[in-house]
Amino acid sequence: AEPVKIGIVMSYSGWFQPIDASTINGAMLAIKEINAKGGVLGSQIEVAKFDNKSEPPLGADGALDVIGKGAKAILFPSDFDFGAPGAFVAQQNNVISFSGASDPKFGATGIGPYAYSISTASQAQGAMLAEWAYETKGWKTAYILLDNTIAYTKSLCGSFGKRWKELGGDASLVGDDTFLNSDPSIAAQVSRINGLATKPDVIMLCSYAPGGPSAIRQLRAAGLDQPVMTGESMDGDYWAGTVPGLSNFYALNFGSFYSDDTDAEMADFFKRYEVEYGQRSDASYSLRGYSMIQAWAKAAEKAGSFDADKVGPVLDSFKDEALVVGPTTFTPELHIQTTRPMTIVQSQDGKFSFVTKISAKTVHLD
Amino acid sequence: MELCASDITVRFAGVKAIESVSVALGRGEILGLIGPNGAGKTTMVNVLSGFQRPHIGKVAIDGAGTQGRSEPWFARNGVVRTFQAVRLFRGLTVSENIEAALSSLSISRLSARRRAAELLDYMGIGGKAGLAGGALNYGDERRVGIARALALSPKFLLLDEPAAGMNIGEAEDLSRLIQQIRRDFSCGVLLIEHNMALVMNTCERLHVMASGKTIATGTPDEVVANQHFKSAYLGSEAA
Amino acid sequence: MVDLIQILVDALSVGGLYALTALGIGLIFSVMRLANFAHAEFVTIAAYLLFAFSGQPLVVALTISIVGAVLLAILTERIAFRPLRNADAATMLIASFAVSMFLQKLLVFSVGSRVKTLDPLPMLSGPISFGGVQISALKLATIVVCAVLLMGLTFFLKKTRFGLQMRAAADNFTMSRLVGVRANTVIAIAFGLSGFLAAVVALLFAAQTGFVQPRFGLQLVIIAFVATVIGGLGNLPGAAAGGFLVGIISTLLQAFLPPDLRPFREAFLFTAVILVLLARPQGLFPARGLKERV
Amino acid sequence: MLAVEDLKVRYGQINALNGASIDVGQGEVVAIVGPNGAGKSSLLGAIAGIVKPAGGRIDFDGENTIGQPLERTVRRGIALVPEGRHVFSGLTVLENLKLGATIRSSAAEIDADIQSYFEIFPILSERRHEAAGRLSGGEQQMLVIARALLSNPKLLMLDEPSLGLAPKITDRIYEIIEEIRGRGVTVLVVEQNAGRALKAADRTYVLNGGVVRLSGPSSELENHNDFEAAYFGLSKRKDP
Amino acid sequence: MTIVTSSIAEAAPTGSGSHTMLRDIIGRSATLFILAGAVLLIVLAAHLGDIVLQRRVIFCLVNLVAVVGLYIFMGNSGVLNFSSVGFMAIGAYTSALLTMMPGMKATFLPDLPAWLAAAEISPLAGAFAAGGMAALVALVVGWPLMRLSGIGAGIATLSLLIICYIVLGNWNSVTGGQQSLMGLKAYVGLWTSGLWAIAAITIAFIYQETRFAIALRASREDEVAARASGIHIVRERLIAFVLGAFVAGVGGALFGHFLGTLRVENFYFDPTFLFISMLVVGGMRSLTGAVAGTVLISLLTEILRLLEVGIPLPGTGLTLAAASGLGDVALAAVMLLIILFRPQGITGGREAIEFFRRKNGN
């Protein structure tokens, strides 16, 4: 049969490149494996790539470019703002788009019925961290330190705070503060925590590299040794050198790539990845890339067609579909995960390791 | 009808640049303001044209006070000055230099251009309208400077060393020009110069300053006869 | 009381970093009337050098970093700024943007935009206790280094022959050469000094943040740039004072703004900057003779 | 000591000098006169190295100076008082004077010399800590002249030194010229006031239209028939 | 030296033959026709290209509106201005909020004030509202700011940009904060952007032919002499600042309706530096420079991007390709080189017509 085209419109260069890199690698691995097994509906998958140079406006051009080349589905950067301009174009042209965005708007409500996020909603991430910290770890007071630079972190800390107060009451949140990722120093914010009469049991940090790790460094330098929790935006350990000997740190990941994940599928995926690329995956985002292709291929097989109006409904009917990133469910209304388990990864004495898998019980999506 | 500065004092960080000096310039007269270097002449022009607020004293135009007025206001109300270092708009053409000064009048660009041409002709440099202001020689630069001042239809024209760098012949031309401007514009002219020949030929009245104070006033002949003036200022030329 | 001391130390240490950066920018401004945005990349590249040699003893890494930054600064002057010596301020500013952009993109291209981590001053990472106040050793070091360098530089510029020549070259380049000042050398040395200051900033800043990436120096330099201007361009103590001032205002805003308004902190900070400029267009401590007389 | 041969200076389309030649001997005072735009300043500028000539030779003490770095001018013993003053406006009067002595090393001698100029121009002494840019026009002119003298030049070039100076100070400047000539310093002076120039100079060149129209001992030129023609002729014709 | 004119003292606007007047106007308008014609040509040529190329051209034209807006103030006044992109942001959000379907607003911006939530005006009206809003803000903040010159003005306008960014980025109820705002009508195509570019050029041109612009340019050359010539510098600057903000605001609106989504991040340092570079590379002191710089940099960017994608060498089966990201490096290098070798920009601050005149003259 004719080969089928998948578009990849992501950041092959520029600021966003390191973040997209492992997603792209995961996707390329999936394509390679699927092709080796005979392709999708007998067609080999070919890739039409477009470098958005880390500039969101180029995403729309990229979408048009790969659609012009016949792409049946397009992968966009794992960030709503980066992915949306292109996904809109894909939607208008009746092409399925995938992203790892953690904003539910990357889906039917925001972009349109053909946009899917393989990720877990940031609201769910905040809720599950709150539940785990309060119920499993037994921490009773929390402090929120929010990096006010991007929408994801705002939403993460927002949902965390809401869920935390539901669990422990208003008083359990002993304070909150904001900073900007680019702030050269957060001395004032650190001093504010240090000045609290009773120190919090846990600090919820919603940020990303480099500002996030640097914030932890400054907290630790000021003698604040409380547990620090973060969402998946601080996935990976490439930044860990920022805080040498980091302890008491807990981050939400899609899976643990430190060869200790309890999920055999994932563990095996990370092994295959290492074989393929000659190095360990540097973030669990590779799971997302792989799963996007996996989801689309499965849906296309089931639909017996590459057309969006056939593939879409099949995706919408996914109920705990087994993807490497975890059991995945889409409904016609919601194209993002809320209850799928995620992995807590910790760092003690500078060593990262698997802790547990958790999922959210109560999620407020608004 | 006069521009009048009464009892002016200006200080700079303790130094008194001008101390209780009064100057009055009537329309139609040519007044010479002379004196040694650092006497306060330029500072006086700055005061008269609104560029320097006096610490004590007042400036009045035709009897009306000027408190709190800006430099452009002075220019638009007929008190126009030139600079010791001409200060043309070097990146604009000669014509545009004049048009800029005409911009305060509500006339079209076209009329402004025509008016600029008239003024340049009047100064005898009509052929240079299209040159860049920065490409002129010293003499022409000064002529454009005066033309620019004339564009504001001065009632009082304050000229700060207009003949500096001119030779004797050119200075004589300038003297005639100043008298003609006075006639054609029926304005008062305040002339600062160190070229005594020019001053003597051109001015009806002299005001002599030294070290920030008035040391003599009167007709050129009276002033030159003043022994104090001779020793403080003239040197060998008096001999 | 303890709180107030803490806030003061925070403000001074944040301000110290800005002040040091502002010194480097102010130095070049006073010598060349050039607002050098590429200073950001001097800092960034010095930090990358620290990272690249982080396996070596600190003295080695620091020496390489300083030498690298100094050479980079001198080279930049030679290639990009010397040909523009008579150009207007806007053109020079844009040229420095272009240099900055070029170096930044080159870094992204060659070393990638992912953060590199380093810990150049591990011995200063802990807090020191002073009568109940916990002060990070690094903050203290920042304040001290800033004070020492400020005094040293001021002395150098005000009291030495060389400083006089440097200011002369800044004031009137051609005339300074005509009286015998080796102006090109003098300016190159000024750039070298600014490179040195950038390397010091890189060390202290990297010790605080623990990472370096291609935009490492950018934010710092933008703030320092603002500080230089409100401090009084062409006046080094003024630039340093501006740095401290911005650091202090920013820390105080963060400390005392109600939570709802804290996200707007920068807006307040820069409104304050505008107000200062409106009140004192030449900056708080303008250099002598910057404003010409008529 | 100074020989300028067939010097050409161009600014874009404009020819400021079209092959001017002058000679200045050791210890002489030589004047250059001519109307506006004659190229006088361009000539001095070229000798000092500020202006790049388009052709010709400039020999100083037997060495061609064209193309040499500007810093070397003063080390060779040439000092220029340029047209338009050019003080270091942000530096104090005292600092300006010190810079005049950049190439000298003895601090004591420099201080003594500065003191002596303070005596000649007391106003400078009064304003010594003021920014030079704040001085009046004439005060700046005095400052620049003193600054040039502080380098102890072998050849002093003055471009319209009396510009903006009160007559009495102008006299003083010419006395100084006499004085330093007595010390063996050579002086090349551009002057608008031709009478004054002829009186002060041993020899005079009349420059017009970028070439030397007339030259000779000042005493001869004073009564020369062609002097007026050479000096004013073109200048009068220049105006439409 | 003297030609006595009896009326030399009177600055009476003398009437003149309508014939010479017309010729004069046409002669001086040649630059406008050349520039507008160039834009028209670009639009027509773009129709031959594929959709991606067309989008690059539209983007270039939208940028052109922004750069012309920047030029109106910065070029004529010589005062550094970093705030232009902030006014674009204001314009972009104004137009987005006013033209978006109320249903969309209800989903994305549930906390909008009722009157704003209900508003829905036509795209054209939206663009004017965008310009108007930007101009209004410029009027209010410009009034005190225009007293500043040089580097002080640079810092003040930079501060303004940062304030705009922070306020828009955190005004959650109205802009959605840092989140992308979606659902803008994507009405900007080749003709819309082309016509607006021509409109912007026309506005800038007409302005620079007025006496206000001459006064402003004089103040650019010498503030002291300008004041002595009766010029109210603050007022002249304010006029240009407001007009420039209007054009920038329209540019912002076009930008939003071109992309279909908005985020404050789009209106910060990167585009600011880009637009200023375009202006300087072209030649800050002429409208032709603004246009030429924008077109040149856009063209270069696209060529370098294509080079990264790979250009097949016909006949050889080989593809000429540069490493990803190298184009950015090269672009910065080229901009630096242009500035070094032509500090006055590629036009040297001359207008289009002067190039023709010079050619004919020789």
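First chain written, first letter: the chains are A, B, C, D and E, and each begins at residue 1.
The rule we apply is simple: a residue touches a chain if its C-beta (ideal position, glycine included) is under 8 Å from a C-beta of that chain, and two chains touch if they have at least 3 such contacts.
These numbers were taken from a predicted model, which means no experiment stands behind them.
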item	value
Subunit E and subunit B - chains in contact with each	C
Shared chain contacts [subunit B and subunit D, defined touch]	C
Pair with more cross-chain C-beta pairs in contact, given B-C and A-E	A-E
Centre-to-centre distance between subunit B and subunit A (centres being mean Cα positions), rounded to whole Å	75
Inter-centroid spacing, subunit D versus subunit C (mean Cα positions, whole Å)	43
Whole-Å gap between the CA centroids of subunit A and subunit C	37
Set of subunit B residues in contact with two or more other chains	42, 51, 83, 124, 173
For subunit E, residues that touch 2 or more chains besides their own	1, 170, 224, 325, 328
Interface hub residues of subunit A, defined as touching at least two other chains	13-14, 17, 148
Pairwise chain contacts under the document criterion	A-C, A-E, B-C, B-D, B-E, C-D, C-E
Touch list for subunit E against partner subunit C, complex	78, 80, 144-145, 147-152, 154-156, 158-160, 162-163, 166-167, 170, 224, 273, 276-277, 280, 284, 323, 325-326, 328-329, 331-333, 335-336, 339-340, 343-344
Interfacial residue positions of subunit C with respect to subunit B in the complex	294
Parts of subunit A lying in touch with subunit C, wherever the complex brings them together	13-18, 148, 176-178, 180, 182-185, 187-189, 191-192, 194-195, 209-210, 213-214, 217-218, 220-223, 238-244
Touch list for subunit D against partner subunit B, complex	14, 33, 35-37, 83-84, 123, 126-127, 130, 134-139, 141-142, 160, 163-172, 192-195, 231-232, 235-236, 239-240
For the subunit C and subunit E complex, residues of the former touching the latter	29, 35, 80, 83-84, 87-91, 93-95, 97-99, 101-102, 104-106, 108-109, 222, 225-226, 229-230, 233, 263-267, 270-271, 273-274, 277-278, 281-283, 292, 294
